[in-house]
Amino acid sequence: MEFTVDQIASLLNGEVKGDGGVKINMLAKIQDAKPGQLSFFSNPKYENHLYSTEASAVIVKKDFEPRRPIKASLILVEDPYSSFTILLEEYHKFLSYQKSGTEDPSFIGQNSTVGADVYRGAFSYIGNNVKIGNNVKIYPHVYIGDNVTVGDNTILNAGVKLYTNTIVGNHCVIHSGVVIGSDGFGFAPQSDGTYKTIPQMGNVIIGDNVDIGANTVIDCATFHGDSTKINNGVKLDNLIQIAHNVEIGKNTVIAAQTGVSGSTKIGDNCVIAGQVGIAGHIVLANKTSIGAKAGLGKSIKDENAKLMGSPAFDVKEYYRAYAEFKNLPDLSVRLKQLEEKVLNLPTFQEKQ
Amino acid sequence: MEFTVDQIASLLNGEVKGDGGVKINMLAKIQDAKPGQLSFFSNPKYENHLYSTEASAVIVKKDFEPRRPIKASLILVEDPYSSFTILLEEYHKFLSYQKSGTEDPSFIGQNSTVGADVYRGAFSYIGNNVKIGNNVKIYPHVYIGDNVTVGDNTILNAGVKLYTNTIVGNHCVIHSGVVIGSDGFGFAPQSDGTYKTIPQMGNVIIGDNVDIGANTVIDCATFHGDSTKINNGVKLDNLIQIAHNVEIGKNTVIAAQTGVSGSTKIGDNCVIAGQVGIAGHIVLANKTSIGAKAGLGKSIKDENAKLMGSPAFDVKEYYRAYAEFKNLPDLSVRLKQLEEKVLNLPTFQEKQ
Amino acid sequence: MEFTVDQIASLLNGEVKGDGGVKINMLAKIQDAKPGQLSFFSNPKYENHLYSTEASAVIVKKDFEPRRPIKASLILVEDPYSSFTILLEEYHKFLSYQKSGTEDPSFIGQNSTVGADVYRGAFSYIGNNVKIGNNVKIYPHVYIGDNVTVGDNTILNAGVKLYTNTIVGNHCVIHSGVVIGSDGFGFAPQSDGTYKTIPQMGNVIIGDNVDIGANTVIDCATFHGDSTKINNGVKLDNLIQIAHNVEIGKNTVIAAQTGVSGSTKIGDNCVIAGQVGIAGHIVLANKTSIGAKAGLGKSIKDENAKLMGSPAFDVKEYYRAYAEFKNLPDLSVRLKQLEEKVLNLPTFQEKQ
């Protein structure tokens, strides 16, 4: 894959300053770029890199005025960061679509349909009554249970497991080892101390443009007709636990190793850090922000709350309290000294 | 699958009130049920749903006296909740036993035996000297190492991995991505700062009626002849870590993302919440209860202890201490004010 | 596998006291050993076991003087613990090398090369342009993407997934369900609240003698030419999250369920406990030690720091502060009492 600076500028609706015929075969950070590579400059803090970079071309802001000569060709655009993002996406798309066709052996059950330009890797398994959209990439060792639906342009990386009745939308990327639709954790206690398994008969519905990180697990809903729902644009990191009947609002982002307990509803555009624990049967307002390792036990009604601690409360208050926590041994000593002083006051002793 | 209300009542030893010929094809929650569906009513809080439900039939307590007319047929039983559980289990059994036979290609090694009515999914792997019981369901991409034993009626979902010498009991459900028998984390420090791997040569023994959630890991014991043991009736949620030589007592329930360090023994009927960390080489008494995110560092000798915090202590005391923690900035200011007041006391100053 | 005591002593450069012709077929702990088994005695605390053990032979220190008669044959060596470790390793090597050849069906792409004595399990997948070294063991359901390199003597257990461009060194052991090279978690926020996926185009480089526990995930670096690096001798436990662009220094050990955020550099010979969270873009000095469940938010510049808490600080100070935390309700009551006393002081009231 090799393009000229002119070709790239044309894709970005940008203007070329310098040699437009230079060939580009790679994207790189401005401080690391080598000849033949393209980078971008957006943060003024890194302006020095612009004058020393070995990149063959750099994307810069239209109105940028260099203070020193620049060796690289420049591509002038409105917003260098978003232009660079477009290129990264194009490159990614190119890579993603390299695979196609069906490798042998692979398995497909009865009454299942597969769209155009689908890749079916060796040892991939498609059950009965499955519907696979166009341009879907099914890598080796993917398991797709009966009655599953997968939308267009979705990538199922090696070893993804989709239980029966799961629905996955369009343009999703699901990483290796992800399990979707496993049984929720529901057991009815019996009088003899044992538990009876409550069958989990619902499913999981994944919206469009959802990314799910490696080895994350999403359990199915308990009752038939109910669904655990991951709405459009949600981004889940690796090793996350989503319990039965949870709903996650659109464009919410959750970092690695966080767990969400059963029947909780998380709003839209929330930002949840890593290793957070969220209790069951609560509701989080839109735009809730939760700091790393927090434990959330109660519903959050107001939007834009920022929380920390376990049980979690306002992040600023948490940091204030934690500063005093570190100081507790000193505070304890001072309290003891004060008690002794007060007890030794002559007037106080007389009064007693 | 369709049954009449009379047929279902007979299975539950219940009495029909209303039309016993109505046909039922699904179970549902009372507030969501549609015609053709069966629900149950047990919690008085939801009595209103009983009068408005579209369910064709509802299971109710024998002595229940409706205050308004009910459209649905009723099935009168001793305990509606447990009757409903029985139906769910029957339904689950029905679903579980849909799969049977051997899909191609699948792999089986030498000297391995497989019981009656076993399902062997495509791309499932059975090594040498393996014993598989009756009615076992082995989904696609399951790996069963050499010398493994699996009891009757156990379900191994897609992608389960059982290392060499693992023993799994009867009536277990093991979910996708579970790894059983991987090496324990044991390394002997050397004088040059490197580590030598201590071979892990024991195995894992899983009892009967054990459920294990997706992507949970259970390491094998260190020495040959030793076992990591998960006893009868244990329920493990998703993404749990069980280290080498751990033993978990019967009917203990552990929620998602909890980790148990090496050689720890957990008693019977314990309830352990999510994201808990339990140190190595400790012993927890029966019926120990541990709150979410707790870190347990010491053995618990008395039964029925309830713990929280990290390091964990009594849950009530934890919440009292945490209430004061949130209040620490105020407490700190008040201490400072008091110090100033006491220092400014005239008699106190004279005495100094 | 059966050896005489003489043969084993010769392997260990040890001296036999007692019957050198006794046959040994197993290693075991001194308190559990049965006839035909070999154990070691090193900790004086366990001396009594030496006189009662049923082991056929025991490895002891050269200068050890028994106080009572011992039934077992003795092998006298400089360091019984390290001698026993050598035997365990030999035994492990023996077991590891049992598998060889290629089971059917397995998949191999174009331009890929495989060394001598490689095991390729059934349903294992090797993509295009892959290089596999000598003595590599590729268990069933392993996925090796295009352009991957795997060094000599490395074991890839069942179901390991290596994404495109991953490099794995020599003598590594990678456990089931491990995912290496999945996309880092990078999304560019857009003005409408949605996110654009930032393509992750770097790779992962794993050094020599690295052990990686089951279901652990290591994401690839963001930019082409960058790598997430796990250096020689690193030992990672189960269910760990390593984000994009992280570097872990040699001989660092990390326990289960810990997470390391993007672009963080961890030094050499660090010891990091379980369920720890480490923020992104920080640097940890060599020999940093982090306690269980800690949350590390800042770089650590001095070697040998020991940290605890979230946010983490010095472990001794943490335990002091935590002791006072447990005592907070008492401290709060005492402060209130003191306030009342001071307010009631007659001189104090007059002054007001």
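Per-chain numbering from 1; labels A, B and C assigned in written order.
The rule is short, and it goes like this: a contact is a pair of C-beta atoms (placed from the backbone, for glycine too) under 8 Å apart; a residue touches a chain by one contact, two chains touch by 3 or more.
This one's a predicted model, so the numbers in the text were calculated from it and none came from an experiment.
Novice: Over half of interface residue numbers shared between chain B and chain C means same, under half means different, so which is it?
Specialist: Under half of the interface numbering overlaps between copies: different.
Novice: Mind checking the rotation angle between the two copies, chain A and chain B? C-alpha superposition, nearest 5 degrees is fine.
Specialist: Fitting chain A to chain B on C-alpha positions yields an angle of 120 degrees.
Novice: Taking each chain's centre as its mean C-alpha position, how far apart are chain B and chain C in Å?
Specialist: 26
Novice: Where in chain B do residues touch two or more other chains at once?
Specialist: 105, 123, 141, 159, 177, 215, 239, 257, 275, 293, 325, 327-328, 331, 335, 338, 342, 345, 347 - these are the residues of chain B that touch more than one other chain.
Novice: Could you list, by residue number, the parts of chain A that touch chain C in their complex?
Specialist: Against chain C, chain A makes touches at 26-29, 32, 81-82, 85, 88-89, 91-92, 95, 103, 105, 121-123, 139-141, 157-159, 173, 175-177, 209, 211, 213-215, 233, 235, 237-239, 251, 253, 255-257, 268-269, 274-275, 292-293, 322, 325-329, 331-332, 335, 338-339, 342, 345, 347-348, 351.
Novice: Enumerate the contact residues on chain B facing chain C in the complex.
Specialist: Interface residues on chain B, with respect to chain C: 105, 107, 123, 125, 141, 143, 145, 159, 161, 163, 177, 179, 182-183, 185, 187-188, 193-199, 201, 215, 217, 219, 223-226, 239, 241, 243, 257, 259, 261, 275, 277, 279, 293, 295, 310-311, 313, 317, 320-321, 323-325, 327-328, 331, 334-335, 338, 341-342, 344-347.
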